[in-house]
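Next come two complexes built around chain A: one with chain B, the other with chain C.
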Partner chain A sequence: MSDPRHQERGSAPRPSRPAPWNDPRVRAIIYQLLLIAGVVALGAYLVSNTLANLEQRHIRTGYGFFGEEAGFFIGETLIPYDAADSYGHAFLVGLLNTVRVAVVGVVLATVLGAIVGIARLSKNWLIARLASVYVEMLRNLPLLLQLFFWYATLTNLLPDQQDAIGLGPGIYLDKEGLRYPLPEPDPAFPRMILAAAIGLIAAWLFARWARARQMRTGAIVPVLWPALGFVIGLPLAAWALSGAPSAFDMPHMEQFGFEGGASMSPEFLALLFGLVTYTATFIAEIVRAGILAVSWGQTEAASALGLRRILALRLVLLPQALRVIVPPLTSQYLNIVKNSSLAVAIGYPDLVSIANTTLNQTGQAIECISIIMAVYLSVSLAIAGFMNWYNRRIALVER
Partner chain B sequence: MRQRFVMGAVAAVLGVFGLTGSASAGATLNAIKQKGFVQCGVNTALAGFSAPDSQGNWTGLDVDICRAIAVALFNDANAVKFTPLNAQQRFTALTSGEVDVLSRNTTWTLTRDASLGMMFTGVTYYDGQGFMVPKSLKIKSAKELKGATVCVQTGTTTELNLADFSRANKLNIKPVVFEQLEESKVAFFGGRCKAYTTDASGLASIRSKDAPKPDDYVILPELISKEPLGPSVRRGDEEWFTLVKWVVFGLLEAEDLGITSQNVDQMKSSTDPSVQRVLGVTGDMGQKLGVDNAWVYNMVKHVGNYAEIFERNVGQKTPLRLARGLNASWKNGGLMYGMPIR
Partner chain C sequence: MVERVDTTLRMPDRPPPMGGGALGWVRANLFSSFWNGALTLAALAVLLAAVPPVFDWAILSAVWGQAAPEVCKATHGACWAFIREKYHLILFGRYPIAEQWRPIMAIAVLIATVALSCNRRFWRAWLGAVWLGGLAAFGLLMWGGILGLAPVETNLWGGLPLTLILAIVGIVVAFPVSILLALGRRSHMPVIRAVSVAYIELIRGVPLISLLFMASFMLPLFLPTGMKINALLRAQVAIIMFTSAYLAEVIRGGLQAIPKGQVEAAEALGLGYWQSMRKIVLPQAIRAVIPPIVNTFIGMFKDTSLVAIVSLTDLLLATKQAISDPNWRAYFVEGYVFIAAIYFCFCFFMSKYSQHLEHELRTGAQR
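So, the complex of A and B:
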C-alpha cells in the first residue's frame, strides 16, 4: 500500500473532541432548539396579537360565557335541556347528538359494509353486480350532495301527521320523523344495566376458564350459549325480580303532531342514512380487499386439517383478513365522526350546529371553534387509540 | 356545511393575522379609497333585500345601500363588490376585514353593538319577527302554535326571540335549525315544519318568491320582537363609520326634501337653501365627510332617495307588497328621520 493519503488517515491521531461548531451532534441540538424557539415565538406572537386585536375591537375573550344562559332551544336532545340552561349544557347536548349519530352510524356502516363487501365477491352474477353498482355510485358522489338529496326526499316523501304510517303498536312514521314508545322510567332499569354489566364480566371469566380448560385437557366447553345466558339472562332476571314493569309512554296525537314516547327526527334519519350508505361503500371495499388478501391455499390447508367451514373461517381466514381490514377501517370510523359535522346543513343539532349558534350569540368565534376542534380531536384520537389497541391484539404473531 | 365551517375557521384565523394593519383611525376608509371599491357583505338570497337578478346583478334594499355608499365615495354605483354571507359568517367576515360594511338585514342589538367588535350606523328597515303558516293549518294567532315544529335559520336573533316567545307563552315550540336560508325554506315548504319564523319582511320575501303557491300561506298578525335592521362597520375607523351613517341620512333627507332621481337636476337650481346645501350647490358638507360635495346629488341620481329604494325593492308594486308602515318618513307618521345636513 503506497497511497500516502491512506497511511496518513490511518495514522492521524483521532481528535477526541471536535470544536463545538463542528460537532454534528451539537449542531443538531442547536438546530432543534432554534426550531422550537421559532415555533414558540410564532405561537406567542399569534396569541398576543389576537388578544391585543380582540381587546382593541372590544370583542370579549375567554370561556366565561360557558356558564351564561343559552336562551335558545334545541330541537332534539338526549338529556333534558331548556333554553334557561347554560351554553356549557347546550354544548353537551350537541356533543351527545354527535356521538349518537356517530355510534349508531359506525355500527350500521360496519354491518352494511361487510355484507356488501362479501356480496361483491358473490358467485351470483346479479348480486355481485348490484353490489358493485351501489359501491361505485355512492362513493363517487359528494356526501353533502347525498345528504341534501336524502333529506329533501325524506321530507317530501313522508306523509303528514294525519296520514302517519303505522309500523306497529305506537310506532309512527311521518314528516316529523319516527316516533316510538318508550318504557316509563322505573327503578328496574338501572338494576338491569347493573345486571348486564355483571353478566358481561361473568361471561368473560367463563370464557377464560373454558379456554384454560381446553388448553389443559383438550376438552372443548361450549362458550357461546352460557355467555349469552349470562349477558341476557341476568338483566331479564333483574327485570322479573323488580316486578316486571311494562308500562310504556305511548305516542299520542296532539293538535300539531305526536307527543310522548321517543322520536328520531327526519334530520337524524337522513343524516344517519347518508353517513351509513356512504361510508359502507368504503368499508365494503376494505372488507373485499381483506378477504382477497388471504390466499386460497389457507382455505385448502384448513380443510386439509379437517376444520369445518365455519371454524376455518373463524380460526384461519378471519384473523388474517382482519389484519388487513382493521387499519383502514379505523380511518373510516374517524370519517363518520368527522363527516357527521355536515349535519348542520340539514338542520340536525349536532355539536357544530350548537357551536355555530353560540358563536353567533356571543361573537366568540375563536373560543367556539377551538372547542369544536378539541372535541373532534379527542373523539377521533379515542377511536384511533381503541382501534390501534384492537389491531395489536388481533395482529398475527410473526414466528 | 363543512365548507362554511371551514370558511368560518379561516375567517377566525384571518382575524388573527389581519388586524394589525387597521389600528389607526381612518385606515378602513383610506384602504377603500385606495382600492377603488367598497366590499359589501350581503345576504346570500333574500328577495327584495339582496339577491342576484336573472342577469347576475345584485339587487335589493340592502344592496342599494351599498351602492349608495359607493356612489358617495366614487360617483359610481358599480364601484362595489358583494360578498354573500350567511347569518353565521357575517360578523366574523366584518370584524376580520373581509368586508368593509355589512348590509345584510342584520338586527341592531346591544350585544352585537357592544361586544362583537362592530358598530351599527343606523336603521334602514324597521322590522319585527313574525310567523308564516300554511293556510290549511287554520290558525289565527302565533299563540296557538302549541307543541308545533318551527323552521328557523341559525345564528339570528330570530332563534332567541322564538325561545323567549315560547317560554313566555308556555308553547313548547320545537325548532328545526338550519344553517342556510335555502335549506330552511326547502324544509318548510316540504312540510317538515308547521310554521316558519323570521323577520316579517323576510316572510313576505320568502312567500312571494319561494312558496309554490304564495296564497296557500298566511303571515300571522303578531310581531314578537323589534328588529331594527341596518348596516354596520367594524370598529376602529370613526371616519368610515361616520360616512356610512350619513349616507343613510342623506337618502332620508333627500326624500324629505322631495329630491328624486327624476327631478334631481331641476332641484339643483332650486332656491331652497337646504336643498342647495344637501345637493352640494353651496357649502362643503361632502368635504367634511371626506367625499365629493355632490355626494347626495350623485346618490339620488344613480340610486334614488330612500323612498325610491324602498318602493323599487320591497314596495307595493313588487312581489313583496310591503307597505311603508314604520318605515315611512317621520313626516308621514313613520320612524325614518334623517339627521339635519348642515
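So, the complex of A and C:
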C-alpha cells in the first residue's frame, strides 16, 4: 500500500450517481411522460376544435343515422336491398360487395400470378420475354389509371345489348356487362353443399388415417384419388339422388334488353379485371423469387433419395418455396382488399362508395370514415394474425 | 485377382458443341421439346394477330399533328390530334395558358434536382441545400407573386407539376418522419414504442383513399373554427402520413440487419444515442435497404394518382377532364395511353435506377 495511487483509489468515494438529468432511466421516464402529455394535448385540442366546428355547422354526432332510411339506390347487391332500407343495411350491402370483388380477385390473381411467375422462368425464350413485358408494363402504371381505362373500354367500345358478343351458350358481353346462365333454384343444391362439406371432412379424416398408417407400418396409402372421390363424388351423388335437376335460367333477349340469368356490371368487371391483372404482376414476382430461392441442390438431393419428380416437388421443393412465398403473398392479398376501395372512382358500390354517399347525405364525416377505417383495420389485423400463426408453424426448426 | 479399374477421370478437352449459330439458338430456346414448340407457335400466333393491328392503329393509320375531330372520325387509327389539342390541359391542368413556360421550367428544375441526386458522388451535405433551392425555385415559379410573376393560386395548379410536387414533397418530408418512427418502434421505452407501433399499424391497415377522405373531410373539422386549409396541402398531408408508415417498416428492416456490435462499439467510443444512430447505425441501415426504399417511392408515385378521387387536378384527373370534352370523347384510349407513357417513364426509370444502385452497392461491399 505504498503506491500513492492505490491509496488514492482506495480512499476515494465511489463515483456518485449521475445527476438526475443525466441518468438514462430518469431521462427515459421524462421523455415518455412528455410524449404522453403531447399526444393527450394534441388529442384534446383536436377534439375541442372538432366539437366547436360541429356545433357551428350544426352537424350532429353519433351513429344514430344507422337506423334511418338511406333513400339511395344501389346498382348491384348480393342481398335484397331497397332505397327504403336503413343506412346500416346499405353499409352491409357495400361490405358484401367489397368481399365479393376481393374474394374473386384473390383467387384469380393467384392463378394468373403463378402462371406468369412460372412463365418468366420458362426455358422458352419467347414465353419468358412475353411474361416479362406483361409484368414490367402493368406494374409500372397506377392502378387507378388502369381502372379508368378498363371501365371506359368496357362502357364505350363494347357493342350495345342488341349486338351483344356471344361468348358461349347463354353468355353475352356488352356495354351493360356480362350475362350468364344460372341453374334454376332446386332443393338439390343445398343438399349438394351439405354433401361437399361432409366430403371435405371425410377426406381430411382419411388423410389423417393414411398418414398415421404410413407412420406405423411404412405402407403408403394413396390419398389424392380417394379424397377427390369424397369431395366431388358425394355432391354428385346427392345431385343424382335428388333427381339430377339440369334446368338453367338462360338469359334471353326481350324488347328492352336481356331478361333472366345472372349478370355482372361493367363496374364490377372493370374493377375485378384491373385488380387481378395489376396484382398478378406482383404475385408473379413473388412466385418467381420463391422458386429461385430453393437451391438446385435440393432437387438433386431429392432425386438422389429416389423421389419421383412429382413427389420431389410436393415433399421437398414446394414446402421450401412456400416458406418464401406465403408472407409477401398475404400482403398482396391485403393489397387487393385495400385497393378494392378504388371502386369509388368507377362507381362500383363497395363499402367506401356507400360510406362516401352516406357522408355526402348526412354530413357525418367522422362516423363514416371511422367505419371504413375500422373495417379495413380489422381485416388487416386478422390477416396479419393469420400470417404470424402460419409463420410460426412453418418456421425452420433449427437444431 | 481384382480387376484393374481405371480410376483416372477422362475429362473431355472442351465441352460438347452446343449446336452453332442462330438455328441452334432457336432450337435450344424455342423448340427444345414438343410442348415448348407448341407454346412458341401459339405465342407467335397471338403476337401475329395482335401486333400488326396495334401498329397500324398507333402509327400507320393514326392522325398526327393538328386536326379537327371530324378528320379523326374518318380514319380507324389513333387520333393523336386529340393530344395535340389538349396537351396543355393534360400536362398543366388549368394553369393560365399565357404562363405556360413557368410549369415547364418548374418541372425542369425538379427533374434536374432529382437527376443530380442520382449520382452517388454528389451524396454530400450540400445536396440538401440544392434540394431546398430546387423546391424554392419550384414554388417561386408556380406561385409567382414576386419578381414580376403573376400570382397563381394552388387551385389552378394541375397536371404533371402537381403529380411531381405531391410525390417529391411526400418523399422529402416522409423520409425523416419514417426514420423517427422506425427508431421509435425499436426503442426501449414502452410508451414511445407503443405510439410508433400504433401509428404504423393503423396507417398500414387502412387504404390510402380513406386517409385522403379523412384529410379532405375531417382535417377542416380538426382545425380551429374559421381556419381554412388548402386542398393541395390536405392531400399532401395524407400522402406524407401514408408514405412515412410504409417507409418506417422498410427502414426498420434495415435497422434489424445491423449487428448489435456496431451499437456497442459506438457506445464504447463514447457516442451518445443520437450520435451513434446518425454516424454509425443509420448510414449502414439505410444503405442496406435502398432498393426497397426506391420501391416504396415507386408505389407512392403511382399512388399520387388517387388524389384524383378527392378532385385534385393531377395528371390523371386532368386527362379525365380532357376526355370529357364531347368533341373528343371517343379518343379516351389515346389520352390514357399518353399519360400511361409518362407514368411508365418515371416508374421504369426509378426501378432501373434501383437495380443499378443495388448492383453498385453490392460490388462496393464485396470489394
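What we mean here is this: the second predicted complex is superposed on the first by the 332 of 399 C-alpha atoms of A that agree within 3 Å, B and C clash if a C-alpha of one lies under 4 Å from a C-alpha of the other, contacts with A are read in each partner's own complex, and residues count from 1 in each chain.
To be clear about the criterion, contacts are C-beta pairs under 8 Å (C-beta built on N, C-alpha and C of every residue); 3 or more make two chains touch, one makes a residue touch a chain.
Note that this is a predicted model, so its numbers are computed, not measured.
Engineer: Touch check for A:56: first (chain B), second (chain C), both, or neither?
Structural biologist: both
Engineer: Touch check for A:365: first (chain B), second (chain C), both, or neither?
Structural biologist: both
Engineer: Please indicate which partner A:176 is in contact with in the superposed arrangement: first for chain B, second for chain C, both, or neither.
Structural biologist: After superposition on chain A, A:176 lies in contact with chain B alone.
Engineer: Between chain B (first) and chain C (second), which does A:349 come into contact with in this model arrangement: first, second, both, or neither?
Structural biologist: first
Engineer: After the superposition on A, what does A:195 contact: first (chain B), second (chain C), both or neither?
Structural biologist: In the superposition, A:195 contacts neither chain B nor chain C.
Engineer: Which partner chains sit in contact with A:156 here, chain B, chain C, both or neither? Use first/second/both/neither.
Structural biologist: In the superposition, A:156 touches chain B and chain C alike.
Engineer: Could you say whether A:329 touches chain B, chain C, both of them, or neither, answering first, second, both or neither?
Structural biologist: Neither partner.
Engineer: Once the structures are superposed on A, label A:109 by its partner contacts, choosing first (chain B), second (chain C), both or neither.
Structural biologist: Neither partner.
Engineer: Looking at A:341, would you say it contacts chain B, chain C, both, or neither? Reply first, second, both or neither.
Structural biologist: Both partners.
Engineer: Residues of chain A that sit at the chain B interface in one complex and at the chain C interface in the other, please.
Structural biologist: Touching chain B in the first complex and chain C in the second, residues 46, 49-50, 53-54, 56, 144, 148, 152, 156, 341-342, 344-345, 352, 356, 359, 365-366, 369, 372 of chain A appear in both lists.
Engineer: Can you check the complex and tell me which residues of chain A touch chain B?
Structural biologist: Residues 46, 49-50, 53-54, 56-60, 71-75, 83-84, 144, 148, 151-152, 155-156, 160, 175-176, 254-257, 259, 265-267, 341-342, 344-347, 349, 352-353, 356-357, 359-363, 365-366, 369, 372 of chain A touch chain B in their complex.
Engineer: Per the contact definition, I'd like the list of chain A residues that touch chain C in the complex.
Structural biologist: Touching chain C: residues 28, 31-32, 35-36, 39, 46, 49-50, 52-54, 56, 122-127, 130, 136-137, 140-145, 148-149, 152-153, 156, 338-339, 341-342, 344-345, 352, 356, 359, 365-366, 369, 372-373, 376-377, 380-381 of chain A.
Engineer: Per the contact definition, I'd like the list of chain C residues that touch chain A in the complex.
Structural biologist: Listed in rising order, the residues of chain C that touch chain A are 29-30, 32, 36, 39-40, 43-44, 47, 188-192, 195, 201-202, 204-210, 213-214, 217-218, 220-225, 298, 302-303, 305-306, 308-309, 316, 320, 323, 330, 332-333, 336, 339-340, 343-344, 347-348, 351.
Engineer: Taking the touch rule as given, give the residues of chain B at its contact with chain A in the complex, in rising order.
Structural biologist: 1-2, 4-5, 8-9, 11-12, 15-17, 19-20, 23, 87-88, 91-92, 95, 111-112, 114-117, 145-149, 151, 154-156, 159-160, 162-164, 166-167, 173-180, 183-184, 186-187, 190-192, 194, 234-236
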